[in-house]
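Everything on this sheet refers to the single structure shown next.
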Amino acid sequence: MPDKPVKTVNHEEPGEKVTEAETKPDFKMTVENVDFFYGDHQVLFDVSLNMEKNRVTALIGPSGCGKSTFLRSLNRMNDTIPGTRLEGTVKLDGVDIYRNLKDPSAVRTRVGMVFQKSNPFPKSIYDNVAYGLKVNGIKDRHLIREVVEDSLKRAFLWDEVKDILSQSAYMLSGGQQQRLCIARALAIKPEVILMDEPASALDPISTSRIEDLIGELKKHYTIVIVTHNMQQAGRISDHTAFFFEGVMVEFGETERIFTKPAMKKTEDYITGRFG
Amino acid sequence: MIEPIKIDRPPDRQIPRELVFRPKSSGVVPRGLTLAAVLIIVVILAIILGNIFIGGVGTINWKFLTHPPEQGMEAGGIFPAIFGTVALVILMVIAVVPVGVLTAVFLHEYTSPTSRVTRLIRVAINNLAGVPSIVFGLFGLGFFIGFVGGAFDSIFYRGEGPVWGQPAIIWAALTLALLTLPVVIVSTEEALRTIPSEIKDASYALGATRLQTIARVIIPQALPGVFTGSILAVSRGAGEVAPIMFTGAAYYLPYLPTRLNDQFMELGYHIYVMATQSPDIEATKPILYGTVLVLLLLTFMLNFVAIMIRSRMRKKRVNA
Amino acid sequence: MKEIKFKPKSKLKEFLGEKFIAVNAFAALIGILLIFTFIFKEALPIFTDSETREEAGVDKMVFKQEYYEGRPSKWSWQPNSEVPKYSLFPLFIGSLKAALIAMLFAVPLGVGAAIYSSEFASRRMRELIKPVIELLAALPSVVLGFFALIVLATFIQNLLGLTFRLNALNAGIALGLAVIPIVFTVAEDAMTSVPQSLRDAAIALGASPWQVSVSMVFPAALPGIAAGVVLGFGRAIGETMIVLMASGNAAIISASLTDSVRTFSATIAAELAEVVFGSTHYSVLFFIGTLLFVLTFVINLTGDMVLHKLKERLQGKLR
């Protein structure tokens, strides 16, 4: 059994304040000319997009436009569906994640995912958060305990569950379960977090908590979020990409996209003319 | 106005240790062990079938299937056992299919899945399916032969020796009917579920009553499931021995059953007695193996037909 | 144009027809009640008739008895000896031994095959495994008993150098074959019912497919798998023909797995033929039948309740 570790991660410190003087943006993930196929059926057409480090990039567009498929290709989740194919390049820190890493599960330890409907395992709260660590070979119980506590704190859930860690995750409310899923994703210390409509199944108060959480998380992680809710995109994202029928129509700073969209389609969508 | 939420800031300390992820093992052990389980089962099944086939195939010929046994089961054929088995399951099917179908129709059309009545009947069906076969035999003895048969005798045959209150093919058939009732119900229900509600709506919209819709639309549409259930019931009934041991089966009879209160020979029972009570097991082995093979072929043919019907029915449902 | 007159529908026919259907529908329920009633009825003398109680009252069936003066008291089942002995304990031990051996054999194979089918097998393999299990399930128990009696017993005896050809091990293995389909079906169903959303969550955390199966799916399905084991055990306890033909039918109390045993079910089947109607022996056999009925009823009810709860839980999640 080889001894070389696949991934070594240190706890990331919140960086110094980002100065305006930075001219060249630091792209955590870059996507170039991606086409995506379900069998013979093409759903993404020549998509190129860059996700800047420690920023929130929002993907918006009407149902079926391909934004979720695009999101899932960033951590190779589409590999689990038979018959799918991606052409083009997806790079994480300059490294092509499709071509150069044989085991897709290695990507997922660096690019984590939170799903639309919260999906905690039928295990205790503690075991849910610890799952990712155990499955990746961490055996030190003290280390696991520390990381679980840290992750729950980062997801703003620790105070609510610290006394009930051994209870089933299903005891929590919907909003708590979603924060648990976020803590679970944070435990393996990803660098990028993908979120597929993370608050769409939640009530307004829980939604607002998740949005605040995202605002905090982006200090340490790069976030890509798919959302149906344009106000949400406007509130929490730095950059926005508008997808329509598998094509990325427009991409840019959120404020500009929502006030001065360059493409008519974008303007139509934002003003509610369709979708 | 929604109150602003207080945010808990994560501590600014550093986790002192590193997370070192190890490369994954290939999972060959769980895969291998579980595959081994599958293979062991397949091999054992193959050995059993192979042994029976090799042991019995030489015995089976036209004479074997159409002649009665001779020389104390060391020669001749098993025709009476085949006849008895067929007669038995025919009677059983006549009894079980109408009751089973009507039960399924009642559960599907008349009650809601969560009502008390439905749950009660379902509990009864599930437990009926789990009752040990020998308990059915006791029931046949105590209820059909003792109670019902005895009542017949005392009403119609006062004084004369037992006419109905003794082992008889009708009682064995009714006992088996109760045993296979769950099979028919489950199969019919599966078929009923494939019937789209639009068809029923159309019938009602034309003024048909519920009874008419059931008789003219629903049951005809559910026939594949009824057939499947009947065939599976027959296959099960032909193989069960314990329920018929004391309710009518016999090892050697010089006649074929022609009346409802006759005893009968039967394949499964024949196998049991021959295997356990033959004075010379080596001499009867060929016949024994031949009988087992006949029963097995019968069972598999029936099951195969039922599975064919069922898979065609399922495909229709997917396309519907 | 001719007038079309529709005949009025008979309300009475409709009413009677629906009542007829309803009555039939209760057949299963009535059947279960009748079974219990008429079996217990024949066993009643054990409780009510003083003579029967003398010979085979409940205390006589459960506790050690001193059958012969001066000799130590013991449990013994010998209904046909001069001093009839009706202790149920040897039969209980026999049923238990056979059933436990059957489960030891059937659970690893059945659950293992279910895991492979649900988690590792390709679609084609799954479509091959299912018919194999259905084939196994279709084998009549008398055929399995025959095989154990004629073939398996000799094989085991030669392999292990045993004195008794027909014994608990022989019957237990054949019994296990009959139980495998039940365990397999329920376990496989439990695992395939684990929702894809949970599997996705595990994969997104970096688990490889086999890790998802072993560390998430299998534990999540455990209650369902346990229910399958319980239902299989119920079948093992109640099965008749296999043990009747393959276990040796000796009512011995021993810890050895290679001794002959006598089970509850086989006792009824073996002795009912020669019993005198209405005698003590007759009542005791029906009592054993009642016991079997109640035992399997409770076991099946438990298993079904666990499965029902499981389905509810999964559906609550999916909503």
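The first chain written gets the first letter, and so on, giving A, B and C; residue counts start at 1 in each chain.
To be clear about the criterion, a residue touches a chain if its C-beta (ideal position, glycine included) is under 8 Å from a C-beta of that chain, and two chains touch if they have at least 3 such contacts.
Computed from a predicted model, the values in this text were never measured in an experiment.
Chemist: Where's the contact count highest, between which chains?
Modeler: By contact count, the leading interface is B-C.
Chemist: Greatest Cα-centroid separation from chain B: which chain?
Modeler: Here the answer is chain A, farthest from chain B.
Chemist: Report, in whole Å, the distance between the mean C-alpha point of chain B and the mean C-alpha point of chain C.
Modeler: Computed value for the inter-centroid distance: 15 Å.
Chemist: If you average the Cα atoms of chain A and of chain C to get two centres, how far apart are those centres in Å?
Modeler: Chain centres of chain A and chain C, defined by C-alpha means, are spaced 51 Å apart.
Chemist: Could you say which residues in chain A touch two or more other chains, in rising order?
Modeler: Residues 103, 105, 109, 136, 188.
Chemist: Got the chain C residues that touch at least 2 other chains?
Modeler: Answer for chain C, listing residues that touch two or more other chains: 206, 208, 211.
Chemist: Among the residues of chain B, which ones contact at least 2 other chains?
Modeler: Within chain B, the residues that touch at least two other chains are 21, 24.
Chemist: Within their complex, state which residues of chain C touch chain A.
Modeler: Within the complex, chain C contacts chain A at residues 195, 197-208, 211, 215-216, 219-220, 317.
Chemist: Spell out the residues on chain B that touch chain A in their complex, using ranges where they run on.
Modeler: 2, 5, 7-12, 14-15, 17-25
Chemist: Show me the residue ranges of chain B that touch chain C in the complex, using the header's touch definition.
Modeler: 21, 24, 26-27, 30-31, 33-38, 40-42, 44-45, 48, 51-52, 98-99, 102-103, 105-107, 110, 120-121, 123-139, 141-143, 146-147, 178, 181-182, 185, 207, 209-211, 214, 235, 238-242, 245-246, 268, 271-272, 275-276, 285, 288, 292, 295-296, 299-300, 303, 307
Chemist: Sort out for me which residues of chain A touch chain B in the complex.
Modeler: Residues 1-2, 4-11, 13-14, 103, 105, 109, 133, 136-138, 140, 143, 146-147, 150, 153-154, 156, 158-159, 188-189, 204-205, 208-209, 212, 216 of chain A touch chain B in their complex.
Chemist: For the complex, which residues does chain A have touching chain C?
Modeler: Spelled out, the residues of chain A in touch with chain C are 75, 77, 80, 103, 105-106, 108-109, 112-113, 115, 117, 119-123, 131-132, 134-136, 170, 181, 184-185, 188.
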